[in-house]
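Each of the next two complexes has subunit A plus one more chain, namely subunit B in the first and subunit C in the second.
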Partner chain A sequence: MNPYVLITLLFGLGLGTTITFTSSHWLLAWMGLEINTLAIIPLMTQHHHPRAVEATTKYFLTQATAAAMLLFASTTNAWLTGQWEIQQMTHPFPTTMIILALALKVGLAPMHSWLPEVLQGLSLTTGLILSTWQKLAPFALLLQIQPADPFILITLGLTSTLVGGWGGLNQTQLRKILAYSSIAHLGWMMLILQFSPTITLLTLITYLLMTTSTFLVFKLNKATNIATLAISWTKTPALTSLTPLILLSLGGLPPLTGFMPKWLILQELTKQDLSTLATLTALTALLSLFFYLRLSYAMALTLSPNNATGTTPWRLSSTQSNLPLALSTTTSILLLPLAPAAMALFTP
Partner chain B sequence: MCFIMYLILFCFVLGLVAVASNPSPYFAALGLVVVAGMGCGVLVGHGGPFLSLVLFLIYLGGMLVVFAYSAALAAEPYPEAWGSWPVVVHMVVYMVGVVLAFVVFGGVWYESSWVSVDELGEFSVFRGDAGGVALMYSSGGWMLIISGWVLLLTLFVVLELTRGLSRGALRAV
Partner chain C sequence: MTPSHFAFTSAFMLGLTGLALHRYHLLSALLCLEGMMLSLFIALSLWTLQLDSTCFSASPMLLLAFSACEASAGLALLVATARTHGTDHLQSLNLLQC
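Then we have the complex of A and B:
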């Protein structure tokens, strides 16, 4: 792509998220979300094959529907309450509609069907931007509204963890697995949103770090399905032995970083006298853990058959920059002891 | 006055059904003309004549005309009007949906439930809509600049999407 156009689009991505972060008016927040949608469309079609164009079309349609729903809910709120403040939403109808619109934007169940197909059609880099950066702006809005009905967020959350775990079980394509992993993590974030927005923000940030690591590992190994992942030991032996730690961190096992949000969420749910919900959610996390374990198994716990000439790629150096991967891998494995500091940092 | 508003909104919904029932783009553009025209009528009746004029000029007279010329360039041999079977099926389903929605939600509507934008009416020089536009140029200056920049971004997005003829993202170009 022309570098000037690329800079303009990436600047648009940054500007859109920044506008949504800093706005207190619903119209400006909507504008930021639309700028994000517009700017990522050409990035998604930059590899001009029909699968990418199909994914872009699906993405555009779902995001446009969600943005239209958001605009409708904002104008309804302005009509019913006379003001456009984000943090002053008192009427239940626009609040519920906004929660549903942002859930569609982000890919929560039951509005999740677009996410695996869209991620599958994209390159790993664009999929990374979609999974991480595009989640920030809707969550900035979700963190600021008070839901009218306690059950809607819990329903969205529990359904998402269930669908994310169950749907990922039958997948061999890595981008679809990461899409279902995204749905499950977003479900965990939704569950705790009305009780402790701090933990939601903490879950979001740790999920961003872990997903970044996973996408970058797959990109370095040029792996898009489990079969290619199985021969990644020939390309990056050291990283292949570290990747199970990243995957198990995504699965939420102690003493890795991914345990921190799950632990705090279960603790907070229990404090709120929702132990059954906490148990159910922990059980759904087992489903996700299964496919993370399957990936670790294929990657590092077993050696796939290969001929002798296939065992030499590790001798060649790769052109991908290693610094982002190193930083995100370290943080997604070792951040658990910083849990008190993280809780203090993310308190709004 | 209320009856005229009712007629205008009725034709608005008919136009929406005509667009959503998936005919060929020429006929859908005709439906959009009806929708935009009726929308302008609603705006006029509720105290927004300036916005109505802007909608007519820019949306109908600018964007829709460009779309009509582009659609004419991409002509198809057997265009589907509102008489062809799939379009009729869509139209019937949408009309049924509209009637259902009216039955479910239309209970509390009565004649004086519509109010106009400016409460001051005869006592103020600035109408609601023109005053809003003036605010957009004064206190809302930064939002105006961002809106202008977003339009430029949209131009780059569209140009990047359609670049490369059939080697690019759109194989049909």
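Then we have the complex of A and C:
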């Protein structure tokens, strides 16, 4: 791709998210989301492959529908209450519709089925942008509206954690597994959104760190399915021993970063007398943990038989920059002792 | 609910229903999207006319500009899909369901 075009598109991605962050008017927020969608579409189709084109078409249809629904709901809100402010949503009907539109935009459970297919059709770099940067703008809007009815957010959250765990069980493709892991993590964020938006923000940031390091590891290994991942010891042995820790951090095991959001969410849900809900979500996390464990097992504990030429890719030096990988890996493993500091940082 | 509110709401809902349920051609999906955007254009224009305010009068034009960009991106994707898949049937978009 022409570097000028690439710079323009990346600038558009940044601009869209920034406009949504700084807007208090629904029309400007919608414009930011549209700029975001329009800027990532050429990035997604930059390899003219049938899979990439198909994934882009599906992404375009869902995002355009979600954006139109968002603007329709805010226009209805303006007709009903005369208010265009994001933080002044009082009528229950437009609020529910906006929550559903944003759920379609980020891919929460009843509206999730586009996400695994779209992510499967993309390169790992574009997939990284799609599952990190593109989540920020919808979440900035979700954090600002207060739903009148707690039922819808809890339903979305619980269904997402369940579907995210269940869908990933039978997958061998890494990008689909990452898509289902994204659905499950977004479900956790939805569950806690109305009780403590601070914890939602913390969960989002830790999820972004962990998924960044996972995507970068897979990109370094050029791995798109489990079988390719199983010979990653021939390329980077030290990273291969570190990657199970990243995956288990995504799964939420105690001494790692991923335990911090799950711990705080379960504690907050128990405080709100929702111990049944807390138990159910903790049980659905086990489903997700199963496929992370399978990835770790295939990567670190098995030695698949290979011929001599298959085990010498370490001779080819990689051109990928190591600094982002090192930073995100360190933070996605070692951040748990900083939990009080992180909470204090995100408390408004 | 005023008659104009009812008119654009029903137009938008009709477009959304068409997009969600009539899944045969990609072109018809794009047309439904365009119909939804046009009903939103009518809604914003009526809002401006009812308020008699000049500060909001640019918004329908902004919406129209963005929806034109969106429609052109959709048509570009239609061409790309026709070149890679040979047809614009939504049924043939099935390469990624593994």
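By definition in this document, the second predicted complex is superposed on the first by the 346 of 348 C-alpha atoms of A that agree within 3 Å, B and C clash if a C-alpha of one lies under 4 Å from a C-alpha of the other, contacts with A are read in each partner's own complex, and residues count from 1 in each chain.
To be clear about the criterion, a contact is a pair of C-beta atoms (placed from the backbone, for glycine too) under 8 Å apart; a residue touches a chain by one contact, two chains touch by 3 or more.
These numbers come from a predicted model, not from an experiment.
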A:Thr76 in the overlay: touching subunit B, subunit C, both, or neither? Say first, second, both or neither. second
Tell me which of subunit B and subunit C touches more residues of subunit A. C
Quick one: is A:His48 in contact with subunit B, with subunit C, with both, or with neither? Answer first, second, both or neither. both
Check whether A:Glu117 is in contact with subunit B, with subunit C, with both or with neither, and answer first, second, both or neither. second
In the overlay, answer first, second, both or neither for which of subunit B and subunit C A:Val5 touches. first
A:Leu136 in the overlay: touching subunit B, subunit C, both, or neither? Say first, second, both or neither. neither
In the superposed arrangement, does A:Met31 touch subunit B (first), subunit C (second), both or neither? both
In the superposed arrangement, does A:Ala148 touch subunit B (first), subunit C (second), both or neither? neither
Output check: A:Ile19 vs subunit B and subunit C. Expected answer is one of first, second, both, neither. What do you get? first
With both complexes superposed on chain A, which partner does A:Ile205 reach: first (subunit B), second (subunit C), both or neither? neither
Where on subunit A do subunit B and subunit C both make contact? 31, 34, 38, 41, 45, 48, 50, 53, 56
Going by the contact rule at the top, pick out the subunit B residues touching subunit A in the complex. 143, 146-147, 149-150, 153-154, 156-157, 160-161, 164, 167-171
Per the touch rule, the subunit A residues reaching subunit C in their complex are 27, 31, 34, 37-38, 41, 45, 48-51, 53-58, 60-61, 64-65, 68-69, 71-72, 75-76, 78-79, 117-118, 120-121, 173, 176
Sites on subunit C touched by subunit A in the complex: 2, 5, 9, 12, 16, 19, 26, 29, 33, 36-37, 39-40, 43-44, 47, 59, 62-63, 66, 69-70, 73-74, 77, 80-81, 83-85, 93, 95-98
Taking the touch rule as given, give the residues of subunit A at its contact with subunit B in the complex, in rising order. 1-2, 5, 8-9, 12, 15, 19, 28, 31, 34-35, 38-39, 41-42, 45, 48, 50, 52-53, 56
